[in-house]
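There's a structure below that I have some questions on.
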Amino acid sequence: KSDITIALQLEPPHLDPTSAAAQAIDSVVYTNIFEGLTRFMGDGSVVPGLAESWEISEDGKVYTFKLHDGVTFHDGTTMDAEDVKFSLDRARSEDSANAQKALFAGIENIEVVDPLTVKVTLSEPNGNFLFNLAWGDAVIVAPESIEGIKTNPVGTGAFTFGEWVQGDSITLNRNPEYWGDRPALETATFKFISDPTAAFAAMMAEDIDVFDNFPAPENLPQFEADPRFQVLVGSTEGETILSTNNKMPPFDDIQVRQALAHAIDRQAIIDGAMFGYGTPIGTHFAPHNPAYVDLTGNSAYDPQKAAKMLADAGYADGFETTLHLPPPSYARRGGEIVAAQLAEVGITANIVNVEWAQWLETVFKGKDFGLTIVSHTEPMDIGIYARPDYYFQYDSTDFQALMDTLNSTTDPEERTRLLGEAQRLIADDYVNGYLFQLAKLGVAKAGVRGLWENAPTAAIDLTQISWSE
Amino acid sequence: MRFLPIFWFHRCWTRRAHTPNVASMLRYALKRLISLVISLAVASVVIFAVIEVAPGDPASFMLGVNAQEDTLAALRAELGLDVSKVQRYFNWVGGMMVGDFGTSYTYRTPVSQMIADRLWVSLPLALYALTLSTAIAFPVGIYAAARRGKPGDLTVMGATQLGIAVPNFWFAMMLVLVFAINLRWFNAGGFAGWAMGFWTGMHSLTLPAIALALPQAAILARVMRSSLLDILGEDFMRTARAKGLSRRQALWRHGVRNALIPVLTIIGLQFSFLLAGSIIIEQVFYLPGLGRLVFQAISARDLIVVESVVMLLVFAVITVNFLVDLAYAAVDPRLRSRT
Amino acid sequence: MSLLEIENLSLSIHGTDILKQVNLSIAPGQIVAVTGESGSGKSMTALAVMQLLPDGAKTTGAIRVNGSDMLDRDENDLCALRGAAIGMVFQEPMTALNPVKTIGDQVMETILIHKAMPPRQARDRTEEVLTRVGLPPDRFPLSRFPHELSGGQRQRVVIAMAIALRPKLLIADEPTTALDVTTQAQILKLLKGLVSEYDMGLLMITHDLAVVADMADQIVVMRHGEVVESGATAHLLHHMQHPYTRMLFKASGHQVSLPEPAKSRPLLEATNVIRDYRLPRKRLFDSPGHHRAVDHVSFTLNSGERLGLVGESGCGKSTLTKAILGLEEVQGGDIRLDGQPVFSGHKPNLAVRRMMQVVFQDPYGSFNPRHRVARLITEPFNLLDAPVMGSERQDRIAEMLTAVGLSPDDAGKYIHEFSGGQRQRIAIARALIIRPELILFDEAVSALDVSVRAQILDLLAELCEAYDLTYLFISHDLSVVRTITDRVMVMRAGKIVEEGDTKSVFSDPQHQYTKDLIKAAPVLPDIGWDVAKTTY
Amino acid sequence: MSRSLILGACLSSLVMLAAAISFVWTPYDYAALNIPDKLQPPNALHWFGTDHFGRDMFSMIMVGARTSIAVALVAVGIGMALGVPLGLTAAARKGSWLDELIMRGNDLVFAFPSLVIAILITAVFGAGAINAIIAIGIFNIPVFARITRGAALSLWEREFILAARVSGKGAARISAEHILPNVANLLIVQGTIQFSLGILAEAGLSYVGLGAQPPTPSWGRMLADAQTMVSFAPHLALIPGLAIIVTVLGLNLLGDGLRDWLDPRIRVART
């Protein structure tokens, strides 16, 4: 069997990973249609992609990439250093629509040395640069086909774009001209099923072979018990947090924030909202990362203490606030539990269910909220705490300085230490309520091999997938 | 079923073309047409206004949380969001007149294309459901009317009461549970596409059509029954019997067509309801239809899609009602000569 | 052998006895009229013959058509008989035809359903019968719809349907009640002609004794589901045995004697009144047409005078009433009451309105079913400047109810607790309660049974005595107008064609239309009672 | 009294009673989470079982009845309060521009796909019971306007209205005194039907998450929550579903029964 049907929760709005934030785009195209100079592997490591190898200058500012020879785009044009320069310049240009422009902020100059060699000069050393280049937002595109990229993506990957039935599915076909190893699959169909019930039904009916991130954790025991299926529980980069508006009274008082942290029973939330899937976290960092520090004890569930702290802060009778909840069930269900737990200590959290667009408008941009629950799925995104205008509005010069130091540090051990310090800092400041690391709940037919268990980035790497037999 | 009124209209039109009533029919049609156009104009303003007050910026939704202001501005210009609201209204309406519904903010494809694609699911589904509900309701309604007050009537009417009371999404859930998950006779949802063949397509629309049709059939059957009972009490039914028609013949020749007049209204309303109101059912069965398109577009702030689809639905409803009115006039000759 | 023979027919519906031991027979070429007041079981007898009784009907006895009993036949046989051997014509021509089928189809259906002849011939036959009933296809194409015909024309279609297969027996249930006198005369003539032409037996149901006397060979009088008297017409008319029959005939020709009109000064003056109704446009861009319902009407009504207005249905009588009451604005002319206009500056003149009251035709529709009698009859108090309250109010209510022959206790009842005749008394009480100068009676007795009608006419005469009434009495029934008015106007198509002293107009009509009208009106034969004068 | 009237009245009052009692008593606190006890099937302690947060379903159904009834009732109230006067006015001014305007406006509202608009309204102004009420209420206005006008028009033809006009009463007074009481029965019957439709609509809106917001329990949202769990905890879907069916069925039967019972023709025949 050489075809596969993979279900995704969300449909990509279009297929250009370099001009939108939607993860669904990456899920479909990353490494399958588009490739970057470097790429992520399933375990989170960064390995060479279109760049065969690279050299880094002494001062860490100049990267010289050696490209693979004989790589062609799906339209037959060759991929060379010019395309790399075009892609990176396009991403960092003034009128770029790239959603992660910050990834390229440090690039000073890109120079084509010869058709297979590119030299990238940074304004200052960046230990994360190769990691940044592995993002889906940094894939290599060609000027010849850039016009129609949104609906007819042309990349260098092992699969070519087949057909898109909007609202239903996207089909990819094997690229016979692929430069790398020939994948086992011939065609792959991505189906979009957002409704959890429908997801369950479709899976049970064996309409689909793989559900990348199954939306209803409550159904997993049924799949586990069924020999037709395998369940892959891994972790994502999603720190699920009770985001708190640090500028809005009374949350500008650290005592109140701490009381909030102690009022919340993480385990109950994981059990109730996620049916047990998810790892408790005490800070904004992924537990599977080597640099992770377990700080859950810092904000242990202790309603008495929470109530007392509230009283100390002058809110003996509690207060009223809003709890904005975006659509995913971790937020909606988790929110109900959080609201109930906060009620125990006297805080009335009025639930406001919002669509993503509204969430972005009111919460993220308007900063008009008290509390919200959201999973931050970008990898290694502790840096957001250094942005005082970021929606939860944490403004700490200590932390900002720490991040500056981190960015210019390349020594791995030192970086680990600094990261630990950063984790502690935000945990001690009780910036947000840290709930749990979102689990990646993959469900697949028993015979499917090569699926990523974890999700270092949103991707379904078709090149690794095969059927056992 | 949708073609029935048109067919009638046509038949009566040709048959009566020589009589002066054509003028009154035309006048009637023209009058209705004018009010149709006014309704559409008002509707477009209302829709535009309602959607424009909605909070949420499509550009920032598309670019996500890390987007920068200059990027957003670039995108807004590209989407045509940077002109005045009045200007945008006229751009929108003007475009629609020539079949250009604009470009989807999120999908970046022509909205007309998207709507056309979705119509290929929604329209067949609505027709399928309407056919089912009519096919169920007519015999049931006629049976009950013919057996008024007898156990058969009471049973059937009890069942229709129940049918009306069942929320269709709940019914859909139960259908999925029984027929898709337990019995595996049908797929739990999704639409294979007409490319896979007509029957495959119909197969995937069957459960949703049933979920939509049964509650509608219950309503229609009741209307059919009471309408027929009204007609059965009319003097001309007695006249027909006095001519020597049997109960059955009288019912079919003189009763059904007269009884159809109120039934027709309901069918018209139901068609519009089925076209637009299947949102929830499309959610349950994850069908890529118009309803789901609206729902998705609302959550994605894809205003242009929402506006256009809602406008299209309103257009459909108004037009169907217009056709139903004409069909009325065709079925009931009295109507044409009335003011 | 007789064509139809009903023997000891009894009928009950859901346990209620409707017919008791009815006997009746018809020979070919004979007209048998069944008569009696409303609810006496006339229609049920007819339906029993057709075996088209309502659900829950139980019949005993025998109904023999051509010797075989209808009650023994199964449904298929009955279907084969209906329409072919027995035809039936119903009372209400407006609703007896299917509105969505053409008249041609409907007549032809009688023929086709019995497979009597192939469609081609059926069509010819259809044209033939339609011509026979006076609707020649060149003027009334088969493709007409019922709503495109007048009531009388529709009734002809219904008759055509019934006689299309030349049935031996024709049953006509009140075939002319809904029609004008002139049309009625034509239809009756048609039926008579058909009977002699086809040698049919006709079972004719009617409550109009004048029609009965004129048409029938045999008369059957029914009351409460029983035949109280029957016999050959001439014999029965002169030797009535049963008191009910006598009462019926007496009430039919009932006459009252009015007191002499009191004073005389002009009260109501109408000059050149015009009332136009807008019509829907005929063509797309035509200017809308007008229908002139009242056309240059002028007359004067003196106080103390009882004026009658007769004319056929649709001639504009009610329209004129509404104009006089100031309910609708007129398009031309002037209406004054006591010198003041009834309509001033596009608004009804309430000062004048309080001098007028009206009694309508429909005793069932003239009252709000949710109010009690006291409230109903005091509604005109609204016109007075000072509200009438307390004991005075009670006294007035009691006085009025007594005056119209009801009891003061009835004030607390609801209207559905009264019979049609009682309701009409209440309507009169309502009209009288503010002592108006003028009362308009718009077909005030037309919907009532003969006996009840006689009572109401008596009541009016009494009231004239007691209250010196001035009224305008509108009716299409010549015999009623004749006895209850001093002066009469004849209206036709919106115009007053003749006017004069009641006695002289009826005895010596001048206008041709008046002559036709009087001629067409069926007349009770002189059966020797002073009350039933037949010489108009 | 017909059987359907009695059955309908019983079912409806059962639901009303449950809603009323819930103000003073429910077996458990409907909002209290008890996650270890989640997803219990109906048993002696929890008559309708517990939901995925371990809340007592029986208590939630009782309080949910309150929500459904409140939303539907207020929505019908809005429809009546605005629709009836509009209908009366249109009938009183039959054929005038005002009549035309009102009727065209009605048609326009009817032409909008109600569910889509309800979703739009709640999407624009935020989900919640108040907006659900408005969304449902708007579509009730033309229903009442139309039915009032239709009935009023035929009443205006009646002679007792003519009698009232002869007595010098104006259109407003006649509408209030004669028309309204005579259309009241019809409105009560239609109100019952609209009430049941309102319950269904509220359930639908809550089901897509646009009705009453948590922690206020609502039958529709209970169904939505139950969706992914029907296969292993069917009671989560069955019980709220049956609650809706019983309520709607009860109200429909009541409406039908009332129609027959209040029909003046039949009443006249009886007396």
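List of remarks:
Order as written gives the chain letters A, B, C and D; numbering starts at 1 within each chain.
The rule is simple: a residue touches a chain if its C-beta (ideal position, glycine included) is under 8 Å from a C-beta of that chain, and two chains touch if they have at least 3 such contacts.
The shown structure was predicted, so the numbers you read here are calculated from the model rather than taken from an experiment.
When the C-beta pairs in contact are tallied for C-D and for A-B, the bigger tally goes to A-B. Our note on geometry: subunit A versus subunit C, Cα centroid distance of 88 Å, whole angstroms.
One finds 48 Å separating the Cα centroids of subunit B and subunit C. Note on chain placement: the centre of subunit A and the centre of subunit B lie 41 Å apart, centres being C-alpha means.
Among the residues of subunit A, those in touch with two or more other chains are 195, 197, 200, 204, 355. Shown for subunit D are the residues that touch two or more other chains, namely 123, 227, 230-231. The multi-chain contact residues of subunit C, meaning those touching 2 or more other chains, do not exist; every residue touches at most one other chain. Per the contact rule defined earlier, chains pair up in contact as A-B, A-D, B-C, B-D, C-D. Subunit B makes touch with subunit C in their complex at residues 15-16, 19-20, 23-24, 26-27, 30, 149, 234-236, 238-247, 249, 253-254, 257-258, 331-334, 337-339. Across the complex, subunit A meets subunit D through its residues 195-197, 200, 204, 216, 218-219, 221-222, 268, 271-272, 332-333, 335-337, 339-341, 343, 351-355.
Considering their complex, residues 104, 107-108, 110-117, 119-121, 123-124, 196, 200, 203-204, 207-208, 223, 227, 230-231, 234, 237, 241, 244-246, 248-249, 252-253, 256 of subunit D touch subunit B.
Residues 35, 38-39, 42-43, 46, 50-51, 53-55, 161-162, 164-167, 169-170, 173-174, 177, 181, 272-273, 275-277, 279-280, 283, 291, 294-295, 298-299, 306, 309-310, 313-314, 317-318, 321 of subunit B are the ones that touch subunit D when the two sit in their complex. On subunit D, the positions that touch subunit A within their shared complex are 31-33, 35, 38, 52-54, 123, 126-127, 209, 213-215, 227-232.
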